[in-house]
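Provided herewith is a single structure, encoded as structure tokens, for subsequent inquiry.
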């Protein structure tokens, strides 16, 4: 009997790669979906049963096509991790309507379309898990994150609507609020003054996502933080 | 010297009309912007210095064009009331990606575009007010409001980003959470069993919006509720 | 016919005095309750129908006795403003259990006891208003406000329970979150570098409290902020 | 080298017993603190390295004495689970000031005193974990939970102050919001119509508490829910 696929949307050297490694650790099949595939193809080769798929999360047709490919090549998706979520920085005086729209399409519309793609299979299997990677901006509309915060808040509200509708059907929708700076060569270079305790380790985020997908269903969590112990909040 | 215009986006027989009447009550000019103008044109004739403008809030070009007309015909906008906000009902299994997008365009992108249109004038005048009409769904992603809640949450986060950026410039951005059913012939007919105490009176919402635009700036409110005293919450 | 009394618990040169002046402005009777009466007695002499009462808000018997005096000397209370609320500063490593308890008694138990004292009269009159003066700490447990934040959070939750129970009976319970530093000779001296725009003006807080007690009951607010326009939040 | 003790305050057949079993599962010493010791003594005999202590959480001296005994008999506490938390039900018209105080002493003052008792040891060891068992009322002041909600809100704010102060010192303070009815013979009997999916399983709560105490410190959670998948929220 084939094991269900873990599909991860949004793939880079930080949380994306760590999530892929964690969900592939027991040999389960993982599908890596991202706009470009240079990084994900390389990563897929290092993992036991992984495949990379090109998928622009802001384009519903592209998301639908990619998930159709996943189903055809690897089988039904049991776990969806939605990690797509970059965004333009700047205040309401600096960003454009196009920035708002692109941010919303990647963070919110993409999540909705991916959910639609995997839902029939999850319902048929009698359950599943959908974990969304949020950010501080999911909870707070900061002055300098006008485009990003509105998209992350929309994503969080959509996740909440999904949870209320899908939990009773055995599908665990959960949100991880990353409240800190993810440890990457790029972010380290930007903050050379900061100690290691300042950064969120992607492997730890992946561990939380893994745990959420294995919680007993009588005590599910909807929203949890991933915040470095040294963070001021 | 000409008095600044109060521009109200979203015009119907409920909050829209009540807001128009309240802000026109002292004879000040009001601009009524809405997709169709049958209702607003009629209303404009009843008010001392009002004009109706066709404006599809989901289309940035339409919003920009309408505000250019307002400026040309009535002068600079000192107060913007953003009341556009209908939405498709249904769970994540019932609504479509197009529903999510339309909802987001009307509630969030439209607010952003309207804000962009009035901001230069407000900054030139050294101040202004922007009041957004929210809903219970601005705070809570209910199962049956998947499209509406994600849009209202995005709108609220955008309002918060706007407030943090624009308050120090003298522009009071505030949000009214309507937590109840607005009293309209239509909503009364849908709930014939409910007493008057069940409904939100549009005139009372308008009174709150008026008050927000007149708060002393040393004690501004960002978010207030408009909730009937008999409501269960 | 006698007009109902506005009773204000917590009296000092900031919000307390401003609330007293505002609610006495139309000649209505006001009762000024505070631990010491040096300040309040002086203030009472300046107002048309005011009296000062000694009342240690942390002692239920003292609160009951003071309200019995108010009833005997000025008549039934129609509006209760709960402004008592000082607190020990410090982290959980700096404050004591006694600090927590004293803070809780003044902010929460005192509110409950004052509410009990005025409730029968409000119910008999068919309505009333109870306005509580909260703080940033009502919403957020900061590291340096361990004793104060737990008390303010308890006060806010109690206010919410009161609102849900008492609104349907015509009693408007509302909470004002003071999110900033109140303008006082003392606070000015502590922050000589700050411009006037940094401070919350007590008269503006009083104006908001007054407005809350006059909202039409079809659109009541429970919680509003009083935040200076220049505040970073 | 002796292993650090897990001390659990609040011991009954539901979450208390499940927490004890979970933290004792690897043979580690556990200390069971509760007002009465009939139940906890029995339970302690079933576990490898457990001891029961009488401790009225509402009395600071009793809490201090009990923790002194734990230290003397079992050694330093590495993990504190604060599960004390019963409360009087009823609206603000039904509960008394004494109910509010008792609730606050058990939920908030007791947590503070227990934290004070274990903090020096945790700091000396360079870390530790404090997990608090909250409830729906930690977030929401319901009409029928006037005494309980104010106490749970105070507890939550105190937990937040503790987290902000103690995380940087390596002490992981976290809060589990139990959002549902715990599965017990008593609660089953009260709701004979409800399916198993309606109830929170204590073993699942204990699993979440265990997980929180083992999260990597670069991605700690402060607040998580334990909510049955079938719950309406």
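Order of writing sets the chain letters: A, B, C and D. Residues in each chain are counted from 1.
Here is the rule we use: a residue touches a chain if its C-beta (ideal position, glycine included) is under 8 Å from a C-beta of that chain, and two chains touch if they have at least 3 such contacts.
Computed from a prediction, not measured in an experiment: that's the story for all the values here.
Summarising the inter-chain layout, the chain whose CA centre lies farthest from the centre of chain C is A. Centroid to centroid, with C-alpha atoms defining each point, chain B and chain C lie 32 Å apart. Note on chain placement: the centre of chain A and the centre of chain C lie 45 Å apart, centres being C-alpha means.
Residue positions 164 of chain C are each in touch with at least two other chains.
Each chain pair that touches appears in this list: A-B, A-D, B-C, C-D.
Chain A meets chain D in the complex at residues 164, 167-168, 170, 172, 183, 196-197, 199-201, 203-205, 207-208, 211, 215-233. Of all residues in chain D, those touching chain C in their complex are 60, 91-93, 97, 100-101, 104, 108-109, 112-113, 115-116, 119, 137, 140-143, 145-146, 149-166.
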